[in-house]
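Here the structure is laid out as structure tokens; the discussion comes afterwards.
For reference, chains read A, B, C and D in written order, and residue numbers begin at 1 within each chain.
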Amino acid sequence: MKTNVIEAAVIADPDARLAHEIKERQRVRDKRAKLLKHLFLIVLSFVMIYPLLWLVASSLKPENEIFGDLGLWPSRFEWSNYTEGWNALPVSFTVFYKNSAIVTVLSVIGNLLSCSFAAYAFARLKFNGRTFFFGLMMMTMMLPYHVVLIPQYVLFLNLGWVDTYLPLVVPRFLAADGFFIFLMVQFFRQIPRELDEAAMIDGCSPFKIYWAVILPLSLPAMGTAAIFSLIWVWEDFLAPLIYLNDVNSYTVPLALRMFIDQEGQSAFGQMFAMSVLSLVPVLIFFVAFQKLIIRGIATSGMK
Amino acid sequence: MRKFFRRNTAGYVFLTPWLIGFFFLALGPILVSLYLSFTRYDMVSAPVWDGLGNYQYMFEYDRRFWKALEVTFTFVAFSVPLRLAAALGVAMLLDKGLRTIGLYRAIFYLPSLLGASIAIALLWREMFGLNGVINQVLSMVGITGKGWITDPDTSIYTIVVLAMWQFGSPMLIFLAGLRGIPRDLYEAAEIDGTSRFRQFRRITLPMLAPVIFFNLVLQTIEAFKTFTSAFIISNGTGAPADSLLFYTVYLFNEAFKFFRMGYASALAWVLLLIIAAFTALAFATSKYWVHYENERD
Amino acid sequence: MKLTRRTLLGTMGAAAAASALPFKAMAASQSIRHFWWGNPTRDERTFKVIEMFQASHPDIAVQGETIGWGDYWTKMATQTAGGNMADVIQMAHTYIHEYVQRGGVVPLNDYIGNGIDLSHYDAGANDIGTMGGDLYGINIGATCPSIPYNKRVFEEAGVEFDPLAWTTDDFAAACEKITSSTGGAVTGSEDLSLYMETFEIFCRQSGADFYTADGKLTMPVEEVAAWWQMWKDLRDAGVVEGKDQTVQLDKGMADLGLIRGTTATTFRWANQTGALQGLMQDPLGVAIVPQRAGMQSGHFVLPSMFLCLSRDAGDVPAALAYIDNWVNDEETLKVLGIDRGIPPSQKGRDILAPQLNETDAMVVKYFGDTQSQILSTPNIGPKGSGEVRDSFMRTGTEVVLGNMSPQDAADQFIHDAEGILIRASR
Amino acid sequence: MAGLTLRNVEKSYGPLTVMKDMNLDIHDGEFLVLVGPSGCGKSTLLRMIAGLEEISDGTLSIDGKVVNDLPASKRNLSMVFQSYALYPHMSVRKNLAFGLQNLSMPRAEIARRVDEAARILQIEPLLERKPRQLSGGQKQRVAIGRSIVREPGLFLFDEPLSNLDAELRVQMRVELAALYERLKTTMIYVTHDQVEAMTLATRIVVLRAGRIEQVGTPEELYTRPANLFVAGFIGSPRINMLAAQVEGSGAARRAVLADFRAFALPDLATTDSALTLCLRAEAIRLGGGEVQAEGRIKLVEYLGAERLVHIVLPSGQTLLFHAQGADSHRAGETVTLGFDLADLHYFDTAEQRVETVAGQGAQALTA
């Protein structure tokens, strides 16, 4: 009863009305801030997207216009860059896409499985030598790739793996990329340890904990890793360059490198057209998988 | 003994794929490269033992080695903080509220998708050239520009800008990290009337510390190893006037252009030591600012 | 299909290594690999040639392997290091000495006239591929230095000159005329001061060569200084492209002022004219590298590409049959066209004559017209000459940027070059 | 149903030993509460029992079987965590069923147990929700539910109520007590809150710095604290402590206090010249008692049925007095207060309880 009286007094009070007004003003300000934020993002978007526009524009220009005129709009649309570019090389891009798809899908699966295994061990399991091996793992990331290229080539040559996809795929099933291990370690360590312990008491083996607790709770990290892994493998050209000899087994990025001859006849228009197309699968995957990152909200907020 | 097995089995079982990969695929080549760093090796004929010759030459005679170090350190010093700041800033903008976020996220990742392709090299030279977009914008505000990318004093910063512009991967990692911060922490702070800045300092930064740490370490490693962007933009030469002579560009040219794989290996191991020192420093300081939720040691 | 199966097995782990072995066994039979750097047109032509060869030689399987120029050398070096070079490889004059001097390619002397018929080749056509008396690289396309120029710009500026006999003074005058008549929108020429290839002709006009036959540095420091001085004067006069474009090294065609429409000339090997023309709308002409008044001609011909037999060649007879077919078979020569350069034999040129387009015809004519200006063939550089070229560009950059005088830079460059050669010879 | 035995259990992290020579017998079917200030090792002890923490030395047996090397899941126990540790990505039903599925129990049996637990804990309407859609109390019930569906021989609780607000805590405490009454299964419960310990336990273990200070029923701990630490830790309001000097010798020994008049000591099993005398708040008598002093009332806390009166003595020491709710004393009044010798607890300089020789517990626990 007493409190009601007080409330009534507050509403009648001019100060309270002022407070109300301030609140209202703040709402307007929030709205304006949101608008500004959008404006900023749009401008930023343009800066970010400009090169792609340029790339698309170039892919639609006749060969002899691409470099003479750097405006975005072509004088006429050269769609043939796409249609002819697809079949411009000795092997059709259909084959290159198929090859890339095989290598990429296997590599992504391999990366996610093997790296999350290693990361789980480093982040959650206690064993002698953990710090030592973690240090070694970090070290493998620090040596410039170019100097291990040749010894590695010789190794794979002796295994009889050159000119097959094995050198591209097998290392990924063996957690060769420390980046993903370290990434997952950092995310796994954020998961409350009591969940592992609860699962342990619930009768879970370490593998079951990994599979039923850690993995489902790391979807944002796994999604991120999947996206990176896919993009990097899809765009990787150094390993395919070194290990693939037969043009029929080339991947898309390697095929793109066949268009340009610094010393002779190049086909820039077709190269740009195929470059644009090569982004499509990656973009689709990106848009699809970033949902995993968003869904992260659902799994967080333990306490 | 049984206790020893019980303690270690699970860890080693999970580590097995990595161990196989490390011992059978990685370790050999790494050791070979270490061996080669003590040899003269032109890749066509067999390596010839040269003791510390490569290292001696590097530190006593090789002016370009020091130049490459200077270029690389400059790049690391500028690009790592700027790129992380850009990535974190945009990630935080994208973390809350807006409905069109998915679209923005894809757009902001685009530059990273384009990577360091020929197209980017052409475009970058164009944009930062004498008559490029940058100078056109500058002239609108009355500043006379110059050939940013062709002036040895400024060319490195165009690569820094390129690195900043391609902030997609750290951004994505930050986003994933931000998703892990419980919303109710912010709600509580909101109710307490904590300012946005304080929320950032008291909630976001500490909660994100493991992810910031990851990005810092990885971006530093990557920055030291930066190769493709500098390589394609300078047509592999490090021009103008060696101002884009990134360490790995120099290393690559020594190896594959001048057939000195032994020397290149020595360069690589020196770089490894430098990076290792920085990483060790980061790990050593991390216990003062990176805390893991519910972690017991 | 074969690869797919292998790949799937591969995912099962190390045991799958065995499944990749059949490939090795296959390689041991009558099969060879041919590796070249290419582009879509060249790849198409080359695969057609391989197809034709296999039709006529059913017992020999040829695997064609190709990639763009930039990546070619990385892969080549890696394969060489692994002892897994293709049997037949394509070489460029800028790299062949590196591989010859280190034993990456083998001499062909024993097979000439005994497996490979080169009797129809022009005299001296294989001189550059011959080192220390042994033939290592067979010329599969000749080329020569040239100054491609934008005909429209030259005509509109009213420049009249003899493309086969102009002097450095004519060149300077033309640059001046073009620059002033376009109000600076188009400069006369790209600044070629960092093009060591162009400098080589300039230097040879004085009678001096870069290197002796046994690889000693003989380029006179005065010539280097004179070269850089000449371009400095042109730059100071504002009639050549500014330093911004100049200090970018090893530009691709797409970055050339000639293609962008900001300069009227540049330097290229004559066989690249067709590729340049493909990227431009204005018609191109070709001229010689300008002559210095009162001096001899520095012009020369060199193979733009060589075919070589690699150290790792397994089935030598099959490889020889392939090479022989390449240089002799009329249908093959027809399919190859002048994509790799002008055929170094009258026979080859005669076969191609009817099928040449306008630009190609012009280039072939230029090639023929300049034959009389050839006095000698330059000696091939020693190990380290690639690095000397880099050093030339780097030191020259200091002149372009105004940090050094041409004379100081020339002194510095020669000093550095000697150091480089000593280090490379170890 | 299970009884536990700890023999010479030791716990060390590298060179740091946090627990040494821990000996404890836990009887089948008792509700044992481990209590102590933070850092006393109570959680570590619980986690060692659970199998989450390695035992560095000594043996732990359950039902007479040494289980040191037995993984947690094989020890037939369940545990409720302070943070509840519900699996955030599983529904409540899934959370309850998860452990049973791991035992590959028939589907129907799992459903039966889950439904029964849900009924007991009144969380049936919540079964399809995710943990993040639950309030703190609801999460707590689910966490308890998860442990009872397993029908274990041993329940472990690690400060299960500390994240709840006061009202819920009291309610859940009652429910836990009811649950124990219903199941009569061995329960080991860790808390730092002595009220929880007193209300729930059949026996309490008071721990400090990795050592057991006292084991006993709540009554034993309250009425006969073994040392000063237990005396101070158990009981609310906190026990009053008075420093005393011992003068004289033999039968003529007297205790000299700052504010009270000196009095003759009973026959004590100690010869120390200084003692600490402890006195429960309810043992203080206003205006009466065998030993008296003057004091001024500083503060009166009104708690409804009772009042807590803070009295300042001339030396500045404050004593707590437990008064009736209807008591009429006001702050600022000066009062005479006293106590009876029989209500005193004596502690020697080693802070150990000293018994009166005449008393029944002549054998000191310190022996």
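A few points about this structure:
Keep this in mind: contacts are C-beta pairs under 8 Å (C-beta built on N, C-alpha and C of every residue); 3 or more make two chains touch, one makes a residue touch a chain.
As the structure is a prediction and not an experimental result, all values here were calculated from the model.
Farthest from subunit D, judged by the mean position of CA atoms in each chain, is C. Two chain pairs, A-D and B-C, are weighed by contacting C-beta pairs, with B-C ahead. Between subunit A and subunit D, the centres computed from C-alpha atoms are 53 Å apart.
With centres set at the average Cα position, the gap from subunit C to subunit D is 89 Å. With centres taken as mean Cα positions, subunit C sits 36 Å from subunit B.
Per-chain Cα centroids separate subunit A from subunit B by 16 Å.
Looking at subunit C, one finds that residues 14, 70, 74, 77-78, 81, 250, 252, 254-255 touch two or more other chains. Contacts with at least two other chains are made by residues 7, 20, 24, 43, 255-256, 261, 294 of subunit B. Counting partner chains per residue, subunit A shows two or more touched chains at residues 150, 154, 170, 173, 192, 194, 260, 300-303. Listing the residues of subunit A that touch subunit B in their complex gives 34, 37-38, 40-41, 44-45, 47-49, 51-52, 54-55, 58, 70, 113-114, 117-118, 120-122, 125-128, 130, 133, 136-148, 150-152, 154-155, 170-171, 173-176, 179, 181-183, 186-187, 189-194, 206, 210, 220-221, 223-224, 227-228, 231, 235, 260, 271-272, 275, 279, 282-283, 286-287, 290, 293-294, 296-297, 300-303. Listing the residues of subunit B that touch subunit A in their complex gives 4, 7-8, 10-22, 24-26, 28-30, 32-33, 36, 43, 90, 93, 97-98, 102, 104-115, 117-120, 123, 126, 165, 169, 172-173, 175-177, 179-184, 210-211, 213-214, 217-218, 221, 224-225, 227, 248, 251-252, 255-256, 261, 264-265, 268-269, 271-272, 275-276, 279, 292-296. Residues of subunit D that touch subunit A in their complex: 47, 50-52, 71-73, 77-79, 81-83, 85-89, 98-99, 102-103, 130, 132, 146, 150, 163.
Residues of subunit C touching subunit B in their complex: 14, 70, 73-74, 77-78, 80-81, 98-99, 102-104, 242-245, 247-252, 254-255, 311, 383-384, 386-387, 390, 393-394, 397-398, 401, 424, 426.
Put simply, subunit B touches subunit C in their complex at residues 20, 24, 40, 42-45, 122, 125, 129-130, 146-147, 150-152, 234-237, 239-242, 253, 255-259, 261.
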